[in-house]
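Quick one: the structure is below, and I'll ask about it shortly.
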């Protein structure tokens, strides 16, 4: 199993990373090296073994429905690179 | 010297008024100011704030309302959210981010009167095993400053090993507390998954991450973990009422203790000198009456591969929020989508990008079953095999790392070699098991860590055993050559 | 020109009427100053973690049960990964899979065009979180408000291939669904505020063709009417294209309410790769049969069942039963009146005529008016026992509506009780006859039609209080 340069570019797009061509190349090499190791588990016969999501055995952890204080708006916006009139601002959204 | 004391010793001296809280905090601030240039443990220090906390702590001490950590400074890995103190995860993408909230562990520490002495360096987003992927600085091993302290909790480990904090908090996703503890000869403890709230820990791989302490002694590790653990209503994976007692810490007996040594823990990459030191340590334990049985856990060699699917997959999703809209710097670009892609490309370092790419690929259409699902199946199998071992044995023992601290830059040529460093530590994250690393010998003049792993919720038994084992190696214990 | 068959798949999103958000305890509300109801969790700040709202989960299970769904006894949340500025975490917590959504494989019966009912298959009912809101700014950029981000959102998706074949059925489906949500109290159903949203997928194919045609997805539908008109428009548009030999494009289209037409928004590319995987911050949900049965047995009576019961139990006709059950508050009001001793038919008549007229004119809800079920029970009882006439009752009702006073009190105040006593009515009649000898003469000479005039005079003299039956009886006697 190997990943092509186009696949690397496609994955970068999914991950929303604007990679330089040199990075695309080096990541292809790294990903392929790792994919080589992934064959370890490809070969196993696992049949219907139930996968686990995480180590805890908890179920049904829920909160009651009550209202707790929110952040003050200044706090919410404090770290925003650009904000105005109580809104987080983003540039024009151009679909590709 | 104040700064060479353990947390327990400091707490005692604070209570007997032999020391004052401001005096202790000042001593650490001074030491950091004079020594950290050499070690690169800290990313941020807020001395004023620390002194204010120390003054508060002193009031408690004077009022007789002090607890075990009142007035004790704690260094915090910089992937743990601290209200009002920059929290960067050692990444450019969070440069300047000042959280409006405290992580649960920080809240618990401050309720206990502990002093936040500073934020420590790490591999960017905790992704690495040498603290070399930090976007901001290198951290250096106090035993030999040309070498890595290990990672990703390198800064927190160095802070303790070089006496810049008596104890610190790290996080452990595949060994990030235990590996640097091994490399720097200190104690590193990862509690059972869910015992310590992750609320406020910037997620790397949510199903594996766990916060834990780095300390000079098992007792200190137990004291701090007692403060930071316990049920948290803001973390759905938090275990209810998990507080355990450390009053019985010293009750552990080596006589008749049954340890299992999985033979697979010596992988292909194990340094023969590490193996020798480990064997020597195991022999010493046998002499103390510990029964050590070699067993086989066949899935151990699959751990690294499994980890390198699960952790990046979760990370690729966890890091989706860094888009330069609500926090962090924003890059220039043509329209929002381009701006986000450039912000992320500029903000994340190479290792983080690589893991996002692996994870995105592993979750993408057509590959999910082959990678992520299979990895979770292997994880289930591995967990089962360890659970079986814990039915027969008290604990599982192994080296913590296959090697000792290596020279800075040495591993960057071979990323896969670096990934193998977590070979012995990954299983504890996979199964959510508690695990601890202790200094148990030397190889090439550098510390070698011994790892003890217990069953889920077996933290108390594990700490008791670790306390007893620590005693065995006490006489040969060394400290790094620090001023 | 060929005949076409239309297929409509319905995707409905309903914001749940919880107090707090899905994964944090920020308040759920409509509107308000932007970014005033956010916290580290719903802003997606680094390190924040979700804790699910138990009530939201229960609301979805209740809805699923009301829609005859199977309940996933083991269910998990997934992450749906994509980037958009209104999505704070880079993923939406949702539910993926065929049998993992809280409810799956159900149906909703809607009234059919030619009478009877038609069964609309429901594929799944799942729980997710809403996004924030984007406001497009004159500068070309956008402002983001995260007040709505994290509001519990229920998605209800119809079966495939679709059972709905035109805009009327789609509207009926929405009407029935909305009623159910309101009956369950899980959503306020305000399409104009976006708390209930609908995105139909519309395709047509020539009659006789098995395979479904290329579909377009319609957005911005903010009323039942626009659902109905929008689908009808799409059918016409697509038919015209096929007739002209053109191909329908797979695209997302917006509905322009003013122009009553749809416009192209964007072409649908290949399915987005959302990289669904189980959310590692959340633990699985597991339900017991007992738990589900308990929710099921506590479900309120649903609109269709209520409609049928009103006809059977109270003898109401189709029209009245439908009016009463089309609004759960209205039906509750009615039932309260019945419970307090009202006679169903009489209560229903007053509600659906006088009362409905007054509140509709004023544009208020029944419970916002001064009339309570007790008022109407008392009024109808006063009529039934002959204390007041129907005519007087209308006046009393009007006064009660304005003042909130009880009908009995109003009747007493104005002395407008009916006079049924012979000895009281007789003198009035005698006086009227004495005052109109010529009319009496005419009557006696066989001109029966003047009798009405005399009755009118008697009623006027009695200020409308004389009991008409008594008047008739005595008049007959005195004219002998």
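Order of writing sets the chain letters: A, B and C. Residues in each chain are counted from 1.
In this text, contacts are C-beta pairs under 8 Å (C-beta built on N, C-alpha and C of every residue); 3 or more make two chains touch, one makes a residue touch a chain.
In this text the structure is predicted, and so the values were computed from the model without any measurement.
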{"item": "Farthest chain (mean CA position) relative to chain A", "value": "C"}
{"item": "Which of A-C and A-B has more C-beta pairs touching across its chains", "value": "A-B"}
{"item": "Inter-centroid spacing, chain C versus chain B (mean Cα positions, whole Å)", "value": "56"}
{"item": "Distance from the mean Cα position of chain C to that of chain A, given in whole angstrom", "value": "41"}
{"item": "For chain A paired with chain B, centre-to-centre distance based on mean C-alpha positions, whole Å", "value": "23"}
{"item": "Where chain A touches two or more other chains at once, by residue number", "value": "14, 16, 53-54, 56, 58, 61, 63, 71, 76, 88, 90-93, 95"}
{"item": "Multi-chain contact sites of chain B, meaning residues that touch two or more partners", "value": "97, 100, 206-207, 233, 236-237, 316, 320, 323, 325-327, 336-337, 340, 360, 364"}
{"item": "Interface hub residues of chain C, defined as touching at least two other chains", "value": "40, 43, 51-52, 83, 85, 141-142, 144, 273, 275, 280, 282-283"}
{"item": "Residues of chain C touching chain A in the complex", "value": "18-20, 24-27, 33-40, 43, 51-57, 76, 83, 85, 134-135, 137, 140-146, 266, 273, 275, 278, 280, 282-286"}
{"item": "List of chain A residues in touch with chain B within their complex", "value": "3, 7-8, 11-20, 23, 26-27, 30-31, 33-34, 37-38, 40-42, 44, 46, 49-56, 58, 61, 63, 71, 75-76, 78-82, 88, 90-96"}
{"item": "Residue numbers on chain B that touch chain A, as the complex places them", "value": "96-98, 100, 193-194, 206-208, 233, 236-239, 301-302, 304-306, 308-309, 316, 320, 323-330, 333-342, 344-345, 348, 350, 353-354, 356-358, 360-361, 364, 370-371, 373-381, 383, 415-416, 429-433, 456"}
{"item": "Complex contacts: residues of chain C adjacent to chain B", "value": "40, 43-52, 79, 81, 83, 85, 88-91, 141-142, 144, 271, 273, 275-277, 280-283"}
{"item": "Residues on chain A engaged by chain C in the complex (per definition of touch)", "value": "14, 16, 53-54, 56, 58-68, 70-71, 73, 76-77, 84-93, 95"}
